[in-house]
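The first chain written gets the first letter, and so on, giving A, B, C, D, E and F; residue counts start at 1 in each chain.
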Amino acid sequence: MENNKRYESGLRAMEELFSPEVRTGMEEMKKISPDFWEMIVSSGFGDLYGRNTLSHAQREIITLTTLITQGAFDQLRVHLQAALNVGLTKEEIIEIIIHCVGYVGFPKAVQAMGIAGEVFEEAK
Amino acid sequence: MENNKRYESGLRAMEELFSPEVRTGMEEMKKISPDFWEMIVSSGFGDLYGRNTLSHAQREIITLTTLITQGAFDQLRVHLQAALNVGLTKEEIIEIIIHCVGYVGFPKAVQAMGIAGEVFEEAK
Amino acid sequence: MENNKRYESGLRAMEELFSPEVRTGMEEMKKISPDFWEMIVSSGFGDLYGRNTLSHAQREIITLTTLITQGAFDQLRVHLQAALNVGLTKEEIIEIIIHCVGYVGFPKAVQAMGIAGEVFEEAK
Amino acid sequence: MENNKRYESGLRAMEELFSPEVRTGMEEMKKISPDFWEMIVSSGFGDLYGRNTLSHAQREIITLTTLITQGAFDQLRVHLQAALNVGLTKEEIIEIIIHCVGYVGFPKAVQAMGIAGEVFEEAK
Amino acid sequence: MENNKRYESGLRAMEELFSPEVRTGMEEMKKISPDFWEMIVSSGFGDLYGRNTLSHAQREIITLTTLITQGAFDQLRVHLQAALNVGLTKEEIIEIIIHCVGYVGFPKAVQAMGIAGEVFEEAK
Amino acid sequence: MENNKRYESGLRAMEELFSPEVRTGMEEMKKISPDFWEMIVSSGFGDLYGRNTLSHAQREIITLTTLITQGAFDQLRVHLQAALNVGLTKEEIIEIIIHCVGYVGFPKAVQAMGIAGEVFEEAK
């Protein structure tokens, strides 16, 4: 894939995952470092969500799990919204967090479930 | 769910996930602490893999991801085998690890892919 | 232990550890997922704090240490209160954090000590 | 090095790294635990930044990297200021964060870059 | 405490915690970096285990917990031996690991219990 | 940068960092997943070590630090060799590990120093 194709593929993935508000917020990064912004779009989205073999919904299962496991709760909020946007149900998201309990323990799962509750409330 | 039902549900899940050899190895834990063994079966398997809403294959996507993220590579080997047993393809497993790169970085992803290569070789 | 015994044992442990206000806050989880609430009470408290061999004070030494090590500072605040409730002294809690420095480094220990200072102030 | 020399060396390093406001904030720790304060100054600064072989700027490259990797973002803010104070440029700091992407993934790097943007803004 | 007192206090703590064989192994570090060896003894043992307020047994509860939480299993083996040496029973150590399940999940607890089983076997 | 330029830049960086033996070992990954190999070379090396602003030696300071912090000790061994190859001295590497003690604690630093001792021995 050529480089501007990677970037375009990343932008397309971001449109499928995030609301316009979230994307505008993310673009703030461009002002701090245009190179970093390019990496986010091309490597962080184009090279991952632009691939086949797994659906966006399956990719969000992975993303939610790794964010819970590493305690990246600010990013988790945005990807909980993305998970709903690409078709995971509220029940499936709750079940992902419940499954994580056995692998990461209660503190991170409880924190994640609290944030999920807030995201579900906003999404009503 | 009553308590011996939790245990039975856990045993059943373990049979669906692991080969007899792997399960025999896991049972060694019973000798060190019967209480801990009971928790592994009832809480670690029964309370998680015994639930609905997500398939075993979806649960293994979560499990592989959290193990890669926390660098639990001994457990990862066993769950890579389980992932194949419950129907994830080699291509999907590789794709899970590739997706993780963007979230955990190359060191853990490289380590995971190396182990996956070994498990695929043994599974031939 | 039967399943409603696990739940009751968990509720009893939570009463010994936390103030009514904290417990009411925790119960919010019930609205997001009743199943997850049941796991918190039965597995997270009943199966752990409902056991013998270690006292509640010893269990809070473990809990504070793991929360500091994994950087779970929201949960740490609540368990610092619990630690005082089950009889650990301010001096012992400070000493736990000091001991952790050698094992997790200053950033997490400093963060923990700052929160401990706030909890001690509130507990006056 | 004698013990009061370790403490003095730590205080000197802190003066070279942090603004008076930041140092006054840090001294709050003295009220919670004078022993812990002594450890911060002597072990956390004197025994590390008081050594030779690496410059303060090189030490801040290490410090920023470990804080990003462990997700210690409160401490990161203070050390981003320190990094500027000891002569790392805005461009070099951005480059440190970009290099980290490959090793820790985007979530922590994005969080770090956002905080760096705020610190750069304040430092104008 | 003067500096050679810190070192002596550290050596004394190490004698109380570890067998002569283990200590001889640790001293290998002296050949790689005498300064690092001095830090291990003075800061890692003297400044921590040389303090009061908590007993050696209580300190090993903290040490075991943080090592399990961060997945430092090589160090865990040595401190499981130390825990037995300072009077923690096999039952208490098993209970520490069981308590950790709720906070760090099964993968790390299972790994820890396996190593504990080996250390108990060797200690017979 | 066009895509085959990213790949070429990555290969060039790998030649500057690693011995032919190490690179041959790394290429094994190509057999498991050619796509993953392309990401390692282009994103993991080309997009990072192929950039300016920081020297290879500075980049290895970052790399060593993040690997120590996340406990990625297999990768650490290879990058300790790379650090020597790009001009960091044995004394500087020891000093990086010593600086890390204050930020990650002794367990990871001790593990890292032991591996450094082995790498130094092999490099004689």
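Everything that follows uses one rule, which is that a contact is a pair of C-beta atoms (placed from the backbone, for glycine too) under 8 Å apart; a residue touches a chain by one contact, two chains touch by 3 or more.
Fair warning: this is a prediction, and the values are worked out from it, not measured in the lab.
S.K.: If you take the chains that touch subunit D and keep only those that also touch subunit E, what is left?
M.R.: The common neighbours are A, B, C, F.
S.K.: State the chain with the largest centre-to-centre distance from subunit C, centres being mean CA positions.
M.R.: Computed centres place F farthest from subunit C.
S.K.: Give a one-word verdict, same or different, on whether subunit C and subunit D use largely identical residue numbers at their interface, taking over half shared as same.
M.R.: different
S.K.: For subunit E, which other chain has the most distant CA centre?
M.R.: For subunit E, the chain whose C-alpha mean is farthest off is A.
S.K.: Out of B-D and C-E, which chain pair has the most contact pairs?
M.R.: C-E
S.K.: Can you check how far apart subunit A and subunit B are, centre to centre, with Cα atoms defining each centre and the answer in Å?
M.R.: About 23 Å, centre to centre.
S.K.: Could you tell me the distance, in whole angstrom, between the mean C-alpha positions of subunit B and subunit C?
M.R.: About 29 Å separates the centre of subunit B from that of subunit C.
S.K.: Of all residues in subunit A, which are in touch with two or more distinct other chains?
M.R.: Residues 35, 39, 43-44, 47, 51, 66-67, 70-71, 94, 98, 101-107 of subunit A each touch two or more of the other chains.
S.K.: Which residues, counting only subunit D, touch subunit A once they are in their complex?
M.R.: It comes out as residues 71, 94, 97-98, 101, 105-111, 113-114, 116-117, 120.
S.K.: Any idea which subunit A residues touch subunit B in the complex?
M.R.: 43-44, 47-48, 51, 53-54, 58-59, 61-63, 65-70, 91-92, 94-96, 98-104
S.K.: Note which residues of subunit B are touching subunit E in the complex, please.
M.R.: It comes out as residues 28-29, 31-33, 35-36, 39-40, 43-44, 66-67, 70-72, 74-75.
S.K.: Would you tell me which residues of subunit D are touching subunit B in their complex?
M.R.: 101-107
S.K.: Per the contact definition, I'd like the list of subunit A residues that touch subunit F in the complex.
M.R.: Residues of subunit A touching subunit F: 1-3, 6, 35, 39, 43, 47, 51.
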